[in-house]
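Shared between the two complexes below is chain A, which pairs with chain B and chain C, respectively.
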Partner chain A sequence: MKILKDHGDTVGILAVWILLVLLFGVLSDHFLSANTLTTLAGRIPALTVIAAGMTLVLIVGGIDLSVGSVLGLSSAVLGLLMVDWKVPLVISAPIAIVVGMLAGTVNGLFTVGLRIPSFLVTLGMLEICRGAAYLVTRSQTKYIGASVEPLASMLPGTTFPISFFLSVGVVVGLQVLLEKTILGRHIVAIGTNEHAVRLAGIDPRPAKILVFLVCGTCAGVGSLFHCARLGSADPNAGSGMELAAIAAVVIGGTSLLGGRGSVIKTFIGVLIVATLEAGLAQIGASEPLKRVVTGAVIIAAVSVDVFRRRCIGENV
Partner chain B sequence: MRTILFAMRVLAFCLIASGCAPKEVDHNAPVTGKTPCIALIMKSLANEFFSTMAEGARKHHNDNKKTYDLVVNGMKNETDFSEQVTLIEQMVARSVQSIVIAPADSKAIIPALKRARDAGVLVINIDNRLDPNVLIEVGLTIPFVGPDNWEGAKKAGEAVARMLTKGDSVAIVEGIPTAMNSQERCRGLRDAMNDAGMNIVSSQSGQWEMEKANSIAAAMLSEYPSLKAILCANDSMALGVVAAVAASGRSADVKVTGFDNTSAVGEMIVNGRIVATVDQHGDQLAVHGIEIALSVLAGNSTPKDTTTAVDLVMRKDAR
Partner chain C sequence: MVMQELNLLSTLSVAENIFLDRLPQRAGFICQQQLMRMAVEALQRVGLSDLLPSTIVGTLGMGVRQLLEIAAALARRCQVLILDEPTAALTQREVDLLFSNIRRLQADGVGILYISHRMDEIRSIASRVSVLRDGACVAQYPTGDVNPNQFIRDMSGGESTFVLPRVKQKKFRSTVLTVEKLCVGVRIREVSFSLMSGEILGLAGLVGSGRTLTLRALFGAVRATSGSVTVGEGASGLFTHPSQAVAAGMGMVPEDRRHDALLLSQSVRVNATLSTLPIHSKRGWLNVHSERHSANRLCDRLKIACKTPEQTVDELSGGNQQKVSLGRWLERSCEVLLCDEPTRGVDAASKASIHNLLRNVAAEGTGVLVVSSELSELFSLCDRILVMSNGRMTGDFTADNWSEEVIHAAAFKGLSTAQRESVT
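Showing the complex of A and B:
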């Protein structure tokens, strides 16, 4: 019982994921294969880093709707630099990340400085970044080609791409930040009760701004993985990704009200979302069915989590 | 605050009014005595196909500034046709002489177009054909100018079929299922495949998007190890599919086709990663529509439907 209480959350959603994998294994002839695992590892890095950043924002009690568009803008900038201006990846990649960081910082400054709900600020940023992405690329997809693909190539000796390991690195890094540092404690405390934090003599503003900055940076990093996988920069990249990220984070048990969450569990949430998408495509499900099933799984996964918490007497 | 709002309203009104305000009498102008104003209403300008179309129209207008005025409008979201209805109403309120429209929905737009016609606005349909049955039902005849998507897709399908052997497994990546042009293209691809005796093992929607198409293709490649070709309803999706094929290490075995001939696939055609795409000359499409509108406004009779050219694009040595 103690194990269940300490790690029950993780075990619970991990079980949901394994169940999904087994289910598709039965339904499809070729799902349970090393190949599927490799494809899965190849497609999740962008969503993983974005969902990781989003986890922190949700824990602090905010929301960031702009991540998909920020990814689009960072991709657009990367495409412009590499295709039109022939700038090598080592220089354009940091610039693309900085674009994301700037967008995140603006989100944070407006949310915290003017005390505008982050929902509104990031909704505005969603529009701004998407528009800017179209402007930068003149609405054209930029084909970058081999120069960006090294990030998506396999790590020597493994069957997983480099981007996958980097994204897992981000997940672990942010989890450590959350659990083992004072800043992490502050983030959780702010999400639980910001007023109390202020009364304790801690200024919550720097931490909050930093969280949005990190989230924007994650979107910038995600754009690199996204472009590397597709070999192209697409101004439409990442549209709707904010919702997939929020779904993954919430499936991972992070509270939309703030104060509770884990980046590692978000990662399992990402696995669930991605496995579902891959599995449904592999069994050749129709588009309407895909949507219905995806929605149902999101609700089911969250319900299981809430139910388990109630069983062990947690107040949900 | 109220003053600012008022100022903004005045400004907005001026901006709207200025575009089509009566100009000085031009001697070359048609009988109306003023330069006709044509409104071009498209789907999303974020889509390269439509931004190219808009550019072509603007260029044509620049060369013919004295003959007509042009207002170009696009919508934000491809699937939100209500936005297009609003645009149509705005253009009618602005009393343009003609609306040249690429409908976002083949049926739902028709009532708004009927109101436009009742208000005396000439309507020309380009790109995506309005549903003929609904047009008959409301008693409208609207000339259509556009490519034959079925024919274009069939050409691309036939080109790929020549590279395969009978009975090979192929898959199709569709656009948004409700869009007429996606349906037509997929019908063309299916017809070509069935005629050549290929085995279509899967057909799924990539929602016109690169990323979606990439995921779907990856799944198809895992599920069907003997897959020989993936045919896509547009180029954006073809790019995503090419990346998935490359990631699976089967570039040599799996052929990919696209549709639209966008700038990004040029290189892909050259290096053979995409074997064929279809050029429907988007930049000329709106221009054709505008020219027909001008001709009718000048007093000529309304033409029948016009099909514009669709050309297969392949590497020279692969033809």
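Showing the complex of A and C:
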């Protein structure tokens, strides 16, 4: 019972996911199988790390619309290095990550230094990175092939890819950062009332810049997982992914107003989004219908969360 | 209804705020001329005739904002008017003006529910009193029949918490804060003073005289244009960010606790330890156990009425919220503690314990600077009182030579004759 009391929201959202899985299990004969789980685990790593980074940005009271494009640019750089310049993965992967980190840092510096709303800065960055991705690849998909695929291969002894375990590692790491470190406490406090944090004698700027940096880095890491799964680098990669990530974060109960949220719950949010996607595909729903249903689920999930909080007397 | 915590839209103009729910319209468009005319009228009623109705509310001080709320309530043709601590940020003159308005409404047959913890106000304005304690009505009587001690006994449930003896003449050891010729644009001009270790220094003045701004400029929350600030043995200069002031040994309890001090949706623990996180951590890793311990200790020491330290702060009463805001600085052993209206919107018992707390903090060697609009509070609490007027320091009094009269005189000193006339 104590677990239920302390982690009521986590249990609640986990229950939603399990219900969803069972629902598709009933609707489709083939859904409840190890195969589906493996497919799911192979598909979500990129979205998972991006949504994890996005969670921190939303908690600190900002938003990052550029993550999808940053993933695209990092992929493009990875493709250029590995295909055209024959640079091995161990060198090109860190470079792709650094590209994401730089984009995130620029987001952070402009948002914090010039006090421009992060919505606007990252909207600009979205265009810049997407354009740059096309420029870098001359608008062509680079077929990297087997040299990038080790990341997507199964971890020995399991039926899940290595990238899945790495992305879960990122989720756990960021959750620990949020809960157990001064930095994490500052992030939550800034998202709650930045003004008060400043007057409490804490400079909120470094923490905010760092959050955007982490989010960009996550997009860079996501690009590796994305390319590994497809075996190629597409300048179009990750388009629209920022919205999927925000959806997953919000389904996970993180407040768009900042100050409240959890990376673990975001992960469950990602599971819900991915399960919907896979389940609807399996029962033969068309692409447009899938989007309608996913949208409805986002609104439903947020409504339930707000309603539950009102019931227990929290101000929302 | 006038709320204790202010409810104005800071990006709109004064006039729009007063008439927000009934803006004069012509074919769906706001009729600006009529709006301004109505606003001037409403402002005159609360004595703000020199305030332009087109001023943006965000640029005004707390006292003026409170008067605006009252103006908005008065401008409404209502049958029942609820005033919740309407005088918390007002000076005596503004209170008198408010009371004459209340009496006028009373004569017009409006029922008025006046919530306050200022006994003298209640005695002078109310015809009947109800005393509430812990969510229940414990006493009710016509005002004429009772003496203030009766109220206080009823409120505190028997035992009187109202004894606030002033500690007689202390010996001060060393200077902890020296301010020299501090200027902020034209709003603060060459303010100089010093604060000793263990001293409680009051800062009096009219609303808008620059007291809050001085505090904020000292603390680095507002950029000062020139001057120098020295904390303890440290180097003199100006702080450009509050984090520097805190590192130098200062703490500040801001006037508007909900907006400037508290993380409302976070727990008492998170709020209490916000400025002391390095104490509760090792190489950046938090020790939640040590935080809990410290939050518990704080709740005990300050008698903060909360179920557990994990309760969120917005569920607490104003007095308890203020104690949390103040308690944040207690574990840091600050050299200088700046308090801006530390008992605004706080009940009588909390007020007494906040006063006692400030005395204890001073007794431990901290220099305490208190801004207050309540002279009686400054008289009972302070060792010395400075008076500001129109951005300048116009008076420096000790217990030997202070009185309401001389302080009022000093508070009006910096105003030109024209300004003085518009105020009186």
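Definition applied: the second predicted complex is superposed on the first by the 311 of 316 C-alpha atoms of A that agree within 3 Å, B and C clash if a C-alpha of one lies under 4 Å from a C-alpha of the other, contacts with A are read in each partner's own complex, and residues count from 1 in each chain.
Heads up, the rule we're going with is that a contact is a pair of C-beta atoms (placed from the backbone, for glycine too) under 8 Å apart; a residue touches a chain by one contact, two chains touch by 3 or more.
Keep in mind the model is a prediction, meaning the values are calculated, not measured.
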| item | value |
| --- | --- |
| Clash or fit (per the criteria above) of chain B with chain C on chain A | fit |
| Inter-centroid angle chain B-chain A-chain C after superposition on A [Cα, multiple of 10°] | 130 |
| Dominant contact partner of chain A by residue count, chain C or chain B | B |
| First (chain B), second (chain C), both or neither touched by A:231 | first |
| Which of chain B and chain C A:193 touches, first, second, both or neither | second |
| Touching partner for A:138 - first (chain B), second (chain C), both, neither | first |
| Touching partner for A:201 - first (chain B), second (chain C), both, neither | second |
| Contacts of A:291 with chain B and chain C, given as first, second, both or neither | neither |
| First (chain B), second (chain C), both or neither touched by A:33 | first |
| Contacts of A:310 with chain B and chain C, given as first, second, both or neither | neither |
| Distance in angstrom between the closest Cα atoms of chain C and chain B, superposition on A | 27 |
| Residues on chain A lying within both footprints (that of chain B and that of chain C) | none |
| Partner chain B, residues of chain A touching it in the complex | 28-31, 33, 35-36, 39, 42-43, 130, 134, 138-143, 145, 152, 226, 229-232, 234-239, 277-279, 281-284, 286-287 |
| Chain C to chain A touching residues, read off their complex | 219, 221, 241-243, 245-247, 250-252, 254, 259-266, 270, 274-275, 277-278, 281, 284-286, 288, 312, 314-315, 328 |
| Partner chain C, residues of chain A touching it in the complex | 180-186, 188-189, 192-193, 195-203, 259-260, 313-315 |
| Chain A contact footprint on chain B (complex, rising order) | 45-48, 51, 177, 202, 204-205, 207, 209-211, 214-216, 218-225, 235-236, 239-240, 242-243, 246-248, 262-268 |
